[in-house]
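Structures follow.
Next come two complexes, and both contain subunit A; in the first it sits with subunit B, in the second with subunit C.
Our next item is the complex of A and B:
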């Protein structure tokens, strides 16, 4: 049983957490890809920005003498999302909208987003230095341990992990309802399918672009804060997970929200499965195994985890370039 | 156009001279050496992006390979490693990799001798897995053995300029492999794929302690010309020794840069150069004219990457230290894009100007922002808000922001760069040198 619990803790829970973060990021990337037709490289840093905005808001709240048994980050999250959205709209107005107005090609916008990445990174480090911060300086991180019958180990996960996964699921359901039921959501899908046709049908493209930034930035802030709650807040928090997020967006099919969600979890689980030490699961059969089976049996060593998302991406691009959900290929 | 270039180069020269007076001669010569190496790398990107419209965002990987080559060739031989079982075990691992590759390639061709497609595909997947497991059974013990005993494999003890050559060759080889697989992708997918490859190379070289000593770093990497220490041993004063030694190095790098520039200019104006531009501007039309699009793109990709490898080998041996963990996308990929975009993609003169100018901005934005912060800090203290803390560490971060701002402004106000490509102005307001995929 211990082995089973170990597997649950190290694969199922870790995979769910990583997958949720990737999915939230990938939805934003895939929407921006679908509507604005460019790869938004600054998305990772938008996540970091969201996490830092949440951090500052918790400091302000703590400075006003507010305290609670729960991390303050939960309470300020809506406000942080709102601020991140305003920041994203401002960045769009300043750096992307003029290029779009000129009719610049997607690659130009991509390079502009690299510029935005550097500005955000520089600015965050300028203001906060290169150190790490934690949301859990006042209150300890609550850890749940669910005992399992017949095992000495318990199923272990933290409160922010549980909250994060639940909030992700709620956000995905809300997004689904928005896209399928609301007028704006339908308009958004129409623009993603065929912008010219959508425009002649009377859809306001500017409004849809704004809406895309609102959803993308809101989810980015959510994902960034969730990631920061799970680990720590640091300036290169999300730049390092840019690759899995882009891999998820492409593997899921560019412009396909559901594809991005599925691929986000797919890549999250693939990563934890690849670095999981399978010899632990084989331990009950230790006595009947031959001698040559080594004690560590991971598919890739932990330090090469970054390669997993990339291998999945390349295999997808070579075998099925449109992604698993047949995304836009233009 | 030439007049404009002349004025800009005069301005750059004045800026460098002013830096020389402000920061001292040794600093300026160092700046020039490093900027020349970056110029070589920027020319490499200009071949890929400017000549061919290829979207390479994996410069960091090629640079790391070039740096590794300089270390591998130039560092002294480690007798501890060669006397141990290490070479034998590594040889076996290499052999295993070779056998694995043969099996995979063989499995890929089974359908030619009558195997049904599905069976061939299944066998190929099995071949991949089997080859990987076989390779791991050989390489894992070898790594453990070397890291426990001689620590790392050491170098070959050859002149370091051979390492520069090897850096170019290795980077070209890796680029060939990547190009074979990825060049058919859409431009933005190619960007993500190359970024991913760079991250993988980074992870490999950082963690392969047996090959590169990983985070322990390798130093001192030798110089191809007399070092400051040598001049001091010959009785030169310390200040002068730095100037002499670095000037010698600068001369060597300038010769290489000049040769590369000359050859690239010739290539640009040759029929081959016209063909690459035709492919860049409309690869469908070029294809219809009977040009071999994929082969030319592969050529450009390999050639550009070779220049990047050489450039970074020069940088590493100049700095005398190889630290794989110090490489990052911002410092080693994005900065080169800024150089080429600001300078003028598709124009070698522009890329050269961009490289020197941006490297100057990159180096100088630190002291300038330090001065700025100290001044502002003085004001805030005067009005009672207190001083700005950690000015030194903050000023270092300023340069990333400045570079981001520079590229954003360049894209908006001078999208074709400071010295635009000649003849690229037919469509107003939009750089022509972009991949036509999204047209």
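Our next item is the complex of A and C:
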């Protein structure tokens, strides 16, 4: 039984948490690619920016003498999302829109977004230094332990992990309803499908571009903050997970929102399964196992976790180049 | 006052102009057909009207208003509908969603128009939940025309509506075009099936080298021996 709980904690819960964050990031990347036709390299830093905006807002709130048993981050999150959206629209106006107006190629926009990445990282380091910050200076991180009958270990997860996974699911449902039911959501899918025809149907492409940034940046702030609540706030917080996020967007089929969600969780689970020590599950049979079975049986060592997303990406591109949901090939 | 009136329109994609002074005028009661050899500027004329490329000289008036170089999202609410020749559906959207996109600019309800589009193209009602990308060529053309009709246009512009369709569908599409026109919508279309198209046209325009070569009623162009020899593939069959 202990082995089962260990598996739940280290694979199911960790996979859900990582997958949720990857999915939220990958949705933004895939939507932006679908509408603007370029790989938004600065998406990771937009997540980091969102986390830092949340952090500053909690400082302001704490400075005003507000305190709560819950992390203040939960309360300021809507405002942080709004500010991140304004920042994203500002970045688009300043850097990407002028390039689009000149008919720049997608690769030019990609390079510009690498520039934005460096700028954002530089800006964050300039203002906050290179150190790490925590959302849990004032209140402790609540840890839930659900006892399991017949096991000495308990199913363990933190409150921000639970909140993060639930909010991710709600955000995905809201996005689904928006894309399938609302007029602007359908127009957004139409623009991704055939921008020229959308234009001759009278759809204002610029408005749809703004809407795409609003959704992408909003979800990025959400993902960045949940990641920061799970670990810590630091300048390279989300830049480090840019690879799995892009892998999820590509594996899911570029431009395919549902593909990005599925692939986000797929990569999240693949990573934790790959670094999971399988010998733990074999422990009950230890006596009957031959001697040559090693004590650690992980597919890859933890330090190489990042290669998992890369391997999945390469295999997908070899076997099914348009992704599992048949996205745009480019 | 004509519904659409192009006078000496010069237009192109920057650099050398493709249209070198095109004159076209039709009324709401007309079906206007533009014919001519490849590269004559037929499709370009429709794109110029719809603001998809730069008009450098001349003027385009729609129902009396100057619309030269206006943007498509301004033209659709004014009552212009345009069906491009290729890629004229949203493949991953359902048939009904495609039609809804045609009514995107409308602020009034579009339920009645949707019902009338389904009445005009019954197969679309059956396939309304299917993705447009999964339909046959003829059905796609119906979706494309239906989408344009959803905007309640005063002028419907069609770029080669019969291209790539089987003869059965060509006839069906032409019948629908006549019906749309009888409903009070002016039609301006480009066609390769010149003879068949001119037969339903009240106004015909032969373009070559970006200029008008002949202008007249559809009948007059069909009967003109010069037009028949140069652009309709020989004399009219008996």
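We adopt the following convention: the second predicted complex is superposed on the first by the 329 of 330 C-alpha atoms of A that agree within 3 Å, B and C clash if a C-alpha of one lies under 4 Å from a C-alpha of the other, contacts with A are read in each partner's own complex, and residues count from 1 in each chain.
As a convention for this text, a residue touches a chain if its C-beta (ideal position, glycine included) is under 8 Å from a C-beta of that chain, and two chains touch if they have at least 3 such contacts.
What you see is a predicted model; the values in this text were computed from it and never measured.
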Side-by-side fit of subunit B and subunit C on subunit A, or clash: fit
A:112 touches, of subunit B and subunit C: first, second, both or neither? first
Touched partner set for A:186, first subunit B, second subunit C, both or neither: second
Touching partner for A:203 - first (subunit B), second (subunit C), both, neither: second
Partner chain in contact with A:194 - subunit B first, subunit C second, else both or neither: second
Lowest C-alpha to C-alpha distance for subunit C against subunit B (Å): 11
Intersection of subunit A interface sets (partners subunit B, subunit C): none
Touching residues (chain side subunit B, partner subunit A) in the complex: 55, 140, 181-182, 185, 187-189, 191-193, 195-197, 199-200, 203-204, 206-207, 329-330, 334, 337-338, 341, 390, 393-394, 397-408, 411-412, 415, 429-431, 434-435, 438-439
Residue ranges of subunit A in contact with subunit C within the complex: 183, 186-187, 189-190, 193-194, 196-204
Residues of subunit C touching subunit A in the complex: 50, 52, 72-73, 75-77, 82, 84, 87-93, 97, 100-102, 104-105, 147, 151
Contacting residues of subunit A [partner subunit B, same complex]: 37-39, 95, 98-99, 102-108, 110-112, 114-123, 125-126, 129-130, 239, 242-243, 246-247, 250, 294, 301, 303-304, 306-307, 309-310, 313-314, 317-318, 321, 330
